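One chain, subunit A, links the two complexes that follow: it is found with subunit B in the first and with subunit C in the second.
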Partner chain A sequence: MTEKIKIDFEKTLKNSAFSEKDIEFKMKYLNKFIESGLPNRKLENWKFSDLSQIIQKNIGELSFYNDYSIQNKVDTSIFVDGLEHNKIIFINGRVEKIDFSYEDHNKVKIDDHFEFRAESDNNNSLLSLNNAFTNKCFRITIKKDYSLKKPLVIYHTTNNKIKSKNINLKLEFELEQNSSLRIIDLLKDESVNNFINIFYNFNLKENAILKNYKIDKILNKNIRYLFNNIEQQSNSVSETFILSSGSNFSKNEVNCNLNGEYSSAFVNGIFSLDNEQQHEIRTIINHLVENTKSYQLIKSVLGKNAKSAYQGKIFVDSKAQKTDGYQLSKAILLDETSEFNAKPELEIYADDVKCSHGSASGSLDENTIFYLMSRGLNYKQSKELLINGFLLDVIEKITDPEIKNLVKNMIGFKE
Partner chain B sequence: MDTREKNIEQLKDYKYGFSTEIENIRAPKGLNEDVIKFISNIKKEPKWMLDFRLNAFERFKKLKEPDWQKPKYPKINYQDLYYYSAPKSVSDKPKNLDELDPKLLETYKKLGIPLQEQARLNGIAVDAVFDSVSVATTFKDELTKHGIIFCSMSEAIQKYPDLVKKYLGTVIPTTDHFFATLNSAVFTDGSFVYIPEGIKCPMELSTYFRINASETGQFERTLIIADKGSYVSYLEGCTAPMRDENQLHAANVELIALDDAEIKYSTVQNWYPGDENGKGGIYNFVTKRGLCKGKNSKISWTQVETGSAITWKYPSCILKGDNSIGEFYSIAITNNHQKADTGTKMIHLGKNTKSKIISKGISAGFSDMTYRGLVDINSKAKNSSNYTQCDSLLMGNKCGAHTVPYIKNKNYDSNIAHEATTSKISEEQLHYCQQRGLNPEEAVGLIVNGFCKEVLQQLPMEFAVEAQKLVGISLEGSVG
Partner chain C sequence: MLKINNLNANIDNKSILKDFSLNINPGEVHAIMGPNGSGKSTLSNILSGKKGYEISGEVLFENKNLFELETQERAHKGIFLAFQYPLEIPGVNTNIFLKTSLNAIRKANGEKELDAIEFLKLVKEKSKELKFDEEKLNRQLNVGFSGGEKKKNEILQMSMLSPKLSILDETDSGLDIDALKVVSEGVNSLRNKNNSFLIITHYQRLLDYIKPDFVHVLMNGKIIKSGGPELALELEKKGYENFN
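Take a look at the complex of A and B:
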């Protein structure tokens, strides 16, 4: 792979107009990635899903070069019906359109070229890969005291022109004081066997509100990794909802640093998987100061040969007294071949805290099915009713009524 | 000073911290084939046993020391340890207790372990292990009447080679992890228990481990076999002198329960924890594993971990037989600079297997505590269930409490439930107790004992008393 990636990297540089500084930055991360390679089972974070192996098995050799000079045609039929919204459209990793026509243009600033910021930690080799190969990174700043009137829908689409490619995307969001932003990520793929690596960085200033809904609903044969890094100042709120259902393999990571007092983070997720799908959600919530709060709810429904994993970590610094942290993961296994893995982790260094986690997994309760059947439903209906009720619980956690209905319609829970 | 205060004054220091001046026989320093041959030779072991050790040593040379655990420790120089140390007076094992070195008897008296049978404590048979060898086993006659074998490992290798050969290394193979393999190569002594078919062991069996010599590692090996339909309750206690160096204790314990058998294994671990600045103390890196081999068998682990500078162990159950049951009850207390990374593994292989995990962690001072557990339900383990509860209590904001459970469910018929909480003693509870006349320390003691009650209840009577006291002493001075 090393030779291939170096050649592709040269090719990418030749066909883009990066500044010398950018090139230096990219080189550094390329070398970092080559050193560590794709993550595998030996790393604790990838214990439940060995990406290196999965790519090997499903894609074989990856190609890292993408020609971003050719414009793709935007297919307007993919747009969400019945919801006025701002748009960012990615096609095969290229930004085709950014449209904030519903908003005050003085209040939303879009930078397409700024100095790349070095990600502080990080031994995450996929972030290195992302840094080395992202073509263009946009930074969207929501100005002080401004709330976006309409939600922003980010369309992640691919067409059948690409195969066995690695696509890297990166977006940065700055939410200034008292601003608010709602984002819906819609994943729509017509391509097969690509590895898509998406990285978002959010910076929430005092009193900012971020709501991010990630919808991966449509069946596709791609492998996906999504990483959200969220920095929060005091009184800010972040809400992340993940519907993990469409891709062949998907791993969502949410890393949230609660840097300011009274900030809070909510992460809710649904796995609805079948037929050899393997998905994972990993969250790290770092409570770094006093009086912060986090809440996580993850539910899985697993069919034949489906495998889901949830790794959730709550970290409480010794300064972070009065932390309230909660984590719950539940799974229903529908088939002999389904598998659920969990690692709900607490790492706590302060004593005046309330932290708890729970995890439960099992099959549908036969007694409950019997109860429903004795009231006239057939077996299939009873099962569906129970599963829907189980999942609806998570959807009800969505705080935005407009988007809640949208998600319900998408999944098929009509009001 | 009232009596209570006096008691506390007495208990404040680690009361088992004395060392005994006793003449020792030691193997040459270092770890190599010659030392292994020396150990095997001095114990007059048959060839198969030596081969077992050398095999393990070959394997050991290829293994890398694990480093994924939470408590980190300075690198251990395995060549700088004595792997065998024994009181000279027992190199020819005494026929009866009268021949024992009086100094040894004195030591055990100080520890509160009566080796004289007339001074027996509610009929507990004791096997005392001093450094590398077993020095005395009590109540042999009584046990022999029932056909129960309870003796030191060395004796068992001589007298019951067939049993040892059949079972040794079947639960913890020589190819296991770093410390287990090291133990297989250099283990010195330990207890051997065999309960014949259909026998309910009439008394508690107990082993008392004591590390005395300096610069030694203790590597004991315990093997307990409960044949069909039998029952045994086994207790284990440990102490060590106060020394500035860190001493390594890497034991292997194997339990095997055949059809309908039950083994109850209780540990009160009170190795020297180091001083309040974290100097010295025992590294307790122990491998304990039980195999529920037969149908309807049951293995239950109960542990009270208050000692050691670093505790790193996961008593596990492999639930192979259908309808077998595994239980794990644990209290782990860390104070000052102690560190613990402990928990359990429940591996469900058979149908209708059940497991239950109750873990209570208390950390105070500058200590760090981790519960790490695995519940793995295999695809063949139909209709199995697991319940896990792990609660942590923090005292002060210089200490840490962590929970790292791994949950793997590959069977749709099975249920797993896991709960964990972390909290501190609430002001209201304290206020309530103090209002009724308890001082703050008593109030904390009461609340902590209540917090641990579910686990303390599982201990045999005699141990429960000791354990309850230990819980109190370990947290001494951490309130405020």
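Take a look at the complex of A and C:
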């Protein structure tokens, strides 16, 4: 891989207009990535999903060079119906459109080539890879006291022009005091066997509210990694919802630093997987000051040879008294080949805290199925009703009513 | 309507029903009384199509071999089992469940499915009759319901689906006297010359409210005696142990 990545990197530099400083930054991270390589199961964080092996098996050799000089045509038929929204459209990793036409333009600031910045903590080789190859990093700032009128839908689309490619995206969001933003990430792929590596960085100032709904629903053969870093000042709220279902492999990581008092973080997720799919959610919630709160609920429904994993860590600093931390994961295994792994971790250095975790898994209850069938429902209907019922309380955690309905429709909930 | 001939049922090599025979005609109410472990619940489970039993013998429902029908097909044909222990189903709204069930049965019988408005009208009417708290219809199915409410919910379902053969498996257990009356009225209102009932109970008390045409005593998987309502009174007096 080393020779290939170096050649692709040279090619990328030749075809882009990075400043010297950018190039220096990128070189540094390229070397860092080459040193560590793709993550594998020897790393604790990756013990349930060996990315290096998964890429080797499904893609073979990756190509890191992407030609971003040609504009792609935006297919407007992919737009969400019946929901007025702002848009950012990625096609094969290239930003094709940024549209905040519903908003006050003085209140939303878009920087398209601010300087790349080094992150403080970086043992994550995928972040190094992202830093080395990201074409453009946009920063979107929501000004003080402004709430976006409409949600922002970020379309992550790919088409069949790319294959065996590594695509890297990065977005930064700055939510100033008292501002709020709703983001829906919609993944829509027509390509196969690519590795897509997405980093978001959120900075929430006092009283800011972020709601991020990640929807991976459409079946596709891509391998995906998504990382959300969320920094929160006092009284800020972050809500992350993950529907993890469409991609062949997917790993969502959420790292959340509760830096300000009375800040809170919610992470809720659904794995709905079948036929050899393998997905993971890993969260780290750092309670760093007093009176912060976190809540996590993850549910899995797993079919034949499907595998999901949830690694949830709650860290409570010695200063963080009165922390309230909770996490629960549950799984329904539909087949004897289904596999669910849970690794809850509580690391607590304060004494006046309330933290709990739980995990349970099992198969569909045959007695319940019999009860439903004795009322005239066939096996398929009974199973669907039970699965929907099982997943409902995760969906109900979505605090935005408009988006809750959208998600319900996407999953096919009937009412 | 229902003909059971020499039904034998085993579970894990243990024989539960032994050459059990019973004949129920349209419009009749039969009560089966028996001590714990006599095979009462096994009988209701087998009639509803629960899996896991080794079965021989013959059961005909309207001259059709019941064993060739899946559980839901039996429900479509008009067999209803009121469960001894109704199940709690988290996340499933009671109204949605009732509507799905009713429409599945209507559809299977070539009848028009009810829309939301028609359904609500019907379910309101029936809940009122059974003094079933309407607010509960918007809750998760049986979750947090008291024992009595769960049983009433079974009778509400029965009344919504208006089955031809209703099997009541110890519906009286866990009911207070008021609830017992309401439930019995619900059953009695469904009685007509076409509908039949099989009432499984330990106690004679329920039969004060729902007058059976026939009473059968089930012991060790076999009917040992059949008679009219007076048999229940005799049984109550003597107890199961001395009855033999």
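A few points about this structure:
Convention: the second predicted complex is superposed on the first by the 413 of 415 C-alpha atoms of A that agree within 3 Å, B and C clash if a C-alpha of one lies under 4 Å from a C-alpha of the other, contacts with A are read in each partner's own complex, and residues count from 1 in each chain.
The working rule: a contact is a pair of C-beta atoms (placed from the backbone, for glycine too) under 8 Å apart; a residue touches a chain by one contact, two chains touch by 3 or more.
Not measured: the values here are computed from a predicted model.
Subunit A has more of its residues touched by B than by the other of subunit B and subunit C. In the overlay built on the shared chain, the residue A:N367 is in contact with subunit C alone; subunit B does not reach it.
By the touch criterion stated above, A:D393 is placed in contact with subunit C alone, subunit B being left untouched. By the document's definition of touching, of the two partners only subunit B reaches A:A342; subunit C does not.
By the touch criterion defined above, A:V353 reaches subunit B but does not reach subunit C. Once the two complexes are overlaid on the shared chain, A:L385 sits against subunit C while remaining clear of subunit B. With both structures placed on the common chain, the touch criterion links A:R375 to subunit C but leaves subunit B unconnected.
Touching of subunit A by both subunit B and subunit C, each in its own complex, is seen for no residue at all.
On the side of subunit A, the complex with subunit B involves touching residues 44, 318-319, 321, 331, 333-363. Taken together, the subunit C residues at the contact with subunit A in this complex read 48-51, 70-72, 74-76, 80-81, 83, 86-87, 89-93, 96-97, 100-102, 104-105, 108, 140, 157, 161. Residue ranges on subunit B touching subunit A, taken from their complex, read 68, 379, 392, 394-424. Interface of subunit A with subunit C (complex): residues 365-368, 370-379, 381, 385-386, 388-393, 414-415.
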